[in-house]
Amino acid sequence: IEEALSFEIGSYDQTGVDLPEPSGKTDRLGGLNRDREIGLPGLSEPETMRHFVRLSQKNYAIDMGPFPLGSCTMKHNPRLNEKIARLPGFGDLHPLAPESAVQGALELIDQLAFWLKELTGMPAVAMSPKAGAHGELCGMMAIKAALEARGEAETRTRVLAPESAHGTNPATAVQCGFTVENIPGDETGRVDLAALKEKLGDDVAGIMVTNPNTCGLFERDIRAIADAVHDAGGYFYCDGANFNAIAGKVRPGDLGVDAMHINLHKTFSTPHGGGGPGSGPTVLSEALAPFAPVPYVTFEDGKYKLIETRRAAKADDGESMGRLTAFHGQMGMFTRALSYMLSHGKDGVKQAAEDAVLNANYVLARLKKEMSPAFEGYCMHEALFDDRFLKDTGVETIDFAKAMIDEGYHPMTMYFPLVVHGAMLIEPTESESKRELDLFCDALLSLAKRAKAGEVEAFKAAPVQAPRRRLDETAAARKPVLRWIPKEPAEAAE
Amino acid sequence: MRYLPLNDADRKAMLGVIGAKDIDDLFSDVPADALNAKFDLPDHQGELEVERTLGRMAAKNRAADAGPFFVGCGAYKHHIPATVDHIIQRSEFLTAYTPYQPEIAQGTLQYLFEFQTQVAALTGMEVANASMYDGSTGCGEAALMARRVAKRNKTILSGGLHPHYGAVTRTNLELVGGKVVQAAMDVDASEDLIDQIDDDTACVIVQTPDVFGNVRDLSGIADAAHEKGALLIAVVTEVVSLGALKSPGEMGADIVVGEGQSIGNGLNFGGPYVGLFATRQKYMRQMPGRLCGETVDAEGKRGFVLTLSTREQHIRRDKATSNICTNSGLCTLAFTAHMTLLGEAGLRKLAALNHDAACKTADALGAIDGVKIVNKNYFNEFTLALPKNAEEVVEQLAGEGVLAGVPGGRLWPDSKDAENLIIVAATECVTDADINVFAAKLREVL
Amino acid sequence: IEEALSFEIGSYDQTGVDLPEPSGKTDRLGGLNRDREIGLPGLSEPETMRHFVRLSQKNYAIDMGPFPLGSCTMKHNPRLNEKIARLPGFGDLHPLAPESAVQGALELIDQLAFWLKELTGMPAVAMSPKAGAHGELCGMMAIKAALEARGEAETRTRVLAPESAHGTNPATAVQCGFTVENIPGDETGRVDLAALKEKLGDDVAGIMVTNPNTCGLFERDIRAIADAVHDAGGYFYCDGANFNAIAGKVRPGDLGVDAMHINLHKTFSTPHGGGGPGSGPTVLSEALAPFAPVPYVTFEDGKYKLIETRRAAKADDGESMGRLTAFHGQMGMFTRALSYMLSHGKDGVKQAAEDAVLNANYVLARLKKEMSPAFEGYCMHEALFDDRFLKDTGVETIDFAKAMIDEGYHPMTMYFPLVVHGAMLIEPTESESKRELDLFCDALLSLAKRAKAGEVEAFKAAPVQAPRRRLDETAAARKPVLRWIPKEPAEAAE
Amino acid sequence: MRYLPLNDADRKAMLGVIGAKDIDDLFSDVPADALNAKFDLPDHQGELEVERTLGRMAAKNRAADAGPFFVGCGAYKHHIPATVDHIIQRSEFLTAYTPYQPEIAQGTLQYLFEFQTQVAALTGMEVANASMYDGSTGCGEAALMARRVAKRNKTILSGGLHPHYGAVTRTNLELVGGKVVQAAMDVDASEDLIDQIDDDTACVIVQTPDVFGNVRDLSGIADAAHEKGALLIAVVTEVVSLGALKSPGEMGADIVVGEGQSIGNGLNFGGPYVGLFATRQKYMRQMPGRLCGETVDAEGKRGFVLTLSTREQHIRRDKATSNICTNSGLCTLAFTAHMTLLGEAGLRKLAALNHDAACKTADALGAIDGVKIVNKNYFNEFTLALPKNAEEVVEQLAGEGVLAGVPGGRLWPDSKDAENLIIVAATECVTDADINVFAAKLREVL
């Protein structure tokens, strides 16, 4: 069933809320009253419900089936967490209510901070970053602030990052005023330590390395990398997008990391919600801790307190980088994440990491019969394939991925990381049962065989079992239509 | 553990298929002494236990609904229809990924398109993006965008801008060596920023209603900015006001950023919220954040996709317009659904009710000896000048069960002038009884 | 996507709940411990979620589109009501908690009773019936009890009901020990008053008439019918299934009714939930009120009180028929219904009835161009068609209905009422917009044209756009398989 | 009005198409003086107002979660996983109709089939229906069914049967002239019903654990009944007990009826609940209520349908086995989902925790001077004999925030013997602290 836009269904006088009549008596708007039509149609409540329910049915979701998106970690979203987040004491709490009225909220932030510090082995955490990329910004800002405190901000302007890095890494470094340089990878899919060392120098602010990296591999030389960077006077930013592979098993703090953001929506399963909201608390080493952003929570005389300004941070012996967002961060995600952590416990967090790695290796082991792994050996929590197995079939990575839709699956991550040709990155997560994985592998093996058997047309046509066939993204970008425009009323001129 | 489908038999069988002797075999790249670290954390717990622990924490907080409530300053207590929460809890929305595979994400994409249209209409602008983290980070991004557009270095912040927005924007600008001019605290909207605008000015950032609640006419400053080749960024932290007030677009703004929390989203102690970001068509390609656009599929059917990703970090990497790679998806949905319920008629009525409530509250409080209403014009928020320290008054009233507003000292801790101010918001959720209690208690503590 | 049974997926040692370890110390079960396997597989939480989400996607629902089921009244289910029902003070309240702990619950029951009495113009209401048919039972039991009180229970054993009655009417009468006799209808689709009068006599306990009736028509002679029955010493049971057509417009109490159940899930929109739970409060006239079942609520000295036994009712001047169910009725439905009523108010209830009737007449007016209305003139809240328009097409009512599925609609009610050949009963309800109705009518008109154009094969094959093609109901009934049976393990014998 | 999509322009246009002059034209069959009656009722209100009104009512009640809670007797406070509520709130389940169109109702039908299988397994029977209104009405229907099967007139009710179940069953039977023998209140499961069974006895109805909490061995009475050609109906009001106890089927019951509320369903002040109904294969066609059966579709794919409707009112009218035309659909789903989460392993553990809690509670209370535990064996509920009137004690404890259980006088208002009894239930939700508070307060008031 096709569903029109609300703008095509509703009318300006219809509404789906009942409100008492305004008095109409007072007007203190200074003559700035809205006097033109806004252009917002309303729908009655039943129409609204149906509109959005119908739209929802055009989506794929983790509650429907596997979401094997490498680097994006779509795992089960427990509904307990939704319930907790909606407790009035959390959901209906104002960020500027007096401290005496929000002690439980500050306690929760403090508790979550404790878990994050303990799981990472780091001494401090900045809670306010609103998403992973915001956490990266926070971490790189801390590095910049530390360099400033050392008087080296002017000289240390280069940041190194592997070619395989997430695009946010270079973008963040630039947003902090750094320039970015690639670190080459080695043939095992990891950072080339020797090449890295060559690039180090006293103009290097630091490095940004993802670990486990975006090829789904653990950086074996991680400590040597950290040491080399530290020896050169730089800092080590670790992109924590893949922390879920090692949480409860390995503490990044034991590996020489100076800053790392944690995607609560990946590792700790706050719902992706179709593209957000995320949350990116960032753990900091002793060296960077003093530069943490405001606001943050302290505990004194049996009470939680908020440090809200740079000046207050100074009184608390800090050199805060300032403020990253209006309030205290993504509280709604904090409640969900802590609920998730308490539910798992340290044993469950560890088991989840182990199961995630086990599931990925199982998929790797089963699929390598027909598909081509990008690198030798075991993987961590995601299995990376290249498109060699599609060579001469006429089927490309995108076709293979879109064909998965017709099998009932969301495509894997494709063409990332960039260092692998026609990359296909599969992350099953710990949420999939062996039964689901077997069905999934069977489907992919069958697709691979069909591709090799020459069924290229079917692949090019895919998907056919979806609300839409392939969409013309080029046309969308060439002449962007970003909003609905009312049709010119044809009779208006008459 | 209830969330983990594998059992030990599965694990053993799978290790066999993999050819690994045990699970740690798969972790052999990890330095041995770092593997299987010990943690000072509890083991897993059942739902009942977790609910008890977190329920106890929640009970230590005072929910907005628990009594007379007048706190605003960038986050507002509004009533959210139950339909909205039902919609955002739909599995297909809640547990969906970013719509990078548009064939199976038309649900998300279509509501983003509707959202963009709503935001453009509300702000009086031509285009809007698919949302920012929140209003304050949107403000920071707008300042960066204005620098890109104007290719200039200076940013002027109004003295009526929410101090947190100012702080975030400063943080963003200083990182890239931007020059920031912060105007003095401007309680009654009497500042004149026009003199500050020069040939190096990228933009002026003005909020309306401002942080003290004053409704501001932006036309003058817009004209002045444009004359000097600078942009005007308008900030709106209470989006409900747009149901009663001229849009910033009508008054000449070039970029409008707003906090959309009031529509569809709970207070949530400050987040997640939903940043609104709209601008003129000509600046479209300089906009940060995600954009959803219309297109057709292979059969010619209308469909929607994320578009103009050539501005974005995952394509452009160090050349991107911003490092942002998330929008506030589900909050956007809440906004869109609530706005669809309201429609033009509902939003206007809601705005009128808010204005009514604020006027009533102001009349009741302004009648108290020694209390002065600072504002001449306001929408649903205004500022009281008290004869004594406002922070203490707010604490005393909180003790009496009244959350009275935000004391000036909280937002301007360094300003003597702010000490006796209290910023009071009143929405459709405020009853006459609430107002009476507030007035009576305030009279008592003064 | 096919979804297996949970029994085929789960295992006996898997569980989706985490519970603390039992002590294992005490056993006071008297040696009656369960020592055999129960046979209940468990699923982890993510598997459970996915199992039920996938199942749900095989259903049609009012949130997805129109449900034009005559006589079943599928209208919009506001989520406010779900929220209210889940308030801990209602949802987490024990039926046997002390009266002092449940004053708000009793107040709610009392308030809802007030609304029901006011809307029906009746002096009393029995709240405990658990569904419509249970309400019928309550009403007929009240009649039986009244006859007993008059000493006429032995002689008045006949109950009259129109041929067009819901099947529950005769079934209920029989369950009360009555015999049932048909009242013929007239050519306008209503009760034949003269024929009815002929059947009356001093062996008649009463009549059961639905009004508006199951043909979607208001019984014009309703008062004459009531008078005739009363004159003959009988009582008038009104089946209130169609009360939604007149609620807020007409009070059944003004028409001579002695008892009428109200389907809260129809008229007052508590969700159907795939077949229940329902709720069937039954209003009673002065004559029947003393016989109301226990428990019921009274208000004395500023407090609500429960009358829970026949004896207590006697002390309250009643002659209660006894108890119909363990506790106080469908409280969860009461909260939803009262929330619905307060939201509508008297003006909204009236407007809803008017819109329901308007929508039905609009559908009737539009569809009669291609389909054959069963009776002349306006209808009330549902439009009844017969299958004359399908004559000689080879398409039968069931084929036409199943073809609607492929158009995205739930079929209308078919083959009911029995008095109309190949009946199709369409009730759009007030929840449909004109736009939805137009789309719906367009679809049906097109189907009718296609049927007449000879596309019989397509109709016979329908539905094809559904999770299943037509199911073999005969086979299901011939050798019923009512539960999953584990497959014999093939190797077990070896 | 927010629920009504038509506006006045629509209404006018539609009346035009219909050819009616106004809306009352369509109501012309209604006697004129009865049309457009006046009502002493308020006009429509917004969500906020309705929430306030009903929220105030809710706040006057004491929720089970609000403090130490020990009330049972046919309705039990258990913890329900959040997943269950999410599932039953899915639009596709919540707002679906009875699955009479199986092609687009396989979701409902499949869970009903799973439910029937679960109930059969739990009760140790061969077949189960798709649920009854609740346990008590199921009990009444079972008695009627036994009459149909045995073609006899007399029903014997155990003195351990929940008095409400007895009352409902009596109401049902007396309507059709059935003879009911109610055994005397049987506090300690010492009754002997065997002598009462004669050649006119259709069935004996026995509850286990009985209303006083006693776990009963049904084997003896089952044998005795069968010997006389009568049926044994077993009643289970606490379905969690079946995770610890032998099933009634194993002990010889012919029909098992139960209250399924404990699994997946909240207390809801007594309803809606979910009646379990199971029996032997040979009585299948005499079962009341809906049945879901397996079949195949036109392509041979497995599917499910409502079946054996030839027993039902909508087909058989005055020849139906019962007038029931509803099951407890959504409550059935809640049961099925919760039971799927639990599985065998979870249910057994849950049962063990309940038994633990009851034993602990009994030990704490039994240690108080003058308090006697009546039962020898019990599962999660037992009966205290107090030295004074139990109803007063319960009221006093309620005043102290402890909901202590059900006083005998509430269920047996005519019995002197019941006056000092209090029936106490303890589930997995009871904490050690709850038990200590209960014991301390009870000690105080005695």
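Labels for the chains are A, B, C and D, by order of writing; each one numbers its residues from 1.
Quick note on the criterion: a contact is a pair of C-beta atoms (placed from the backbone, for glycine too) under 8 Å apart; a residue touches a chain by one contact, two chains touch by 3 or more.
Please read all numbers here as calculations on a predicted model, not as lab measurements.
Visitor: Where the contacts of chain C and chain D overlap, which chains show up?
Guide: A, B
Visitor: Would you say B-C or A-B is joined by more C-beta pairs in contact?
Guide: Higher contact count goes to A-B.
Visitor: Can you work out the whole-Å distance between the CA centroids of chain A and chain C?
Guide: Computed from C-alpha means, the inter-chain centre distance equals 48 Å.
Visitor: Using CA atom averages as chain centres, what separation in Å is found between chain A and chain B?
Guide: Whole-Å distance between the two chain centres: 19.
Visitor: What whole-number Å value describes the gap between the mean CA coordinates of chain B and chain C?
Guide: 46
Visitor: Can you list the residues of chain A that touch 2 or more other chains?
Guide: 11, 13-20, 43-47, 49, 53, 57, 61, 63-64, 76, 78-80, 82-83, 343, 431-433, 436
Visitor: Among the residues of chain D, pick out those that touch two or more other chains and give their numbers.
Guide: Chain D, residues with two or more chain partners: 1-5, 44-47, 49, 81-83, 85-86, 89-91, 341, 428.
Visitor: Select the category (line, ring, star, complete, other) that matches the graph of chains linked by touching.
Guide: Contact pattern: complete, every chain touching every other.
Visitor: Along chain D, where are the residues that touch chain B in the complex?
Guide: 2, 46-48, 79, 81-82, 86, 89-91, 341, 428-429
Visitor: Please name which positions on chain B make contact with chain C in the complex.
Guide: 1-5, 7, 44-47, 49, 81-83, 85-86, 91
Visitor: Over in the complex, which chain C residues touch chain A? Could you list them?
Guide: Per the touch definition, chain C meets chain A at residues 1, 9, 18, 44-47, 49-50, 53-54, 57, 61, 63-65, 75-76, 78-79, 343, 408, 431-433, 435-436.
Visitor: Under the definition above, what is the set of chain A residues touching chain D in their complex?
Guide: These residues of chain A touch chain D: 11, 13-20, 43-47, 49, 53, 78-80, 82-83.
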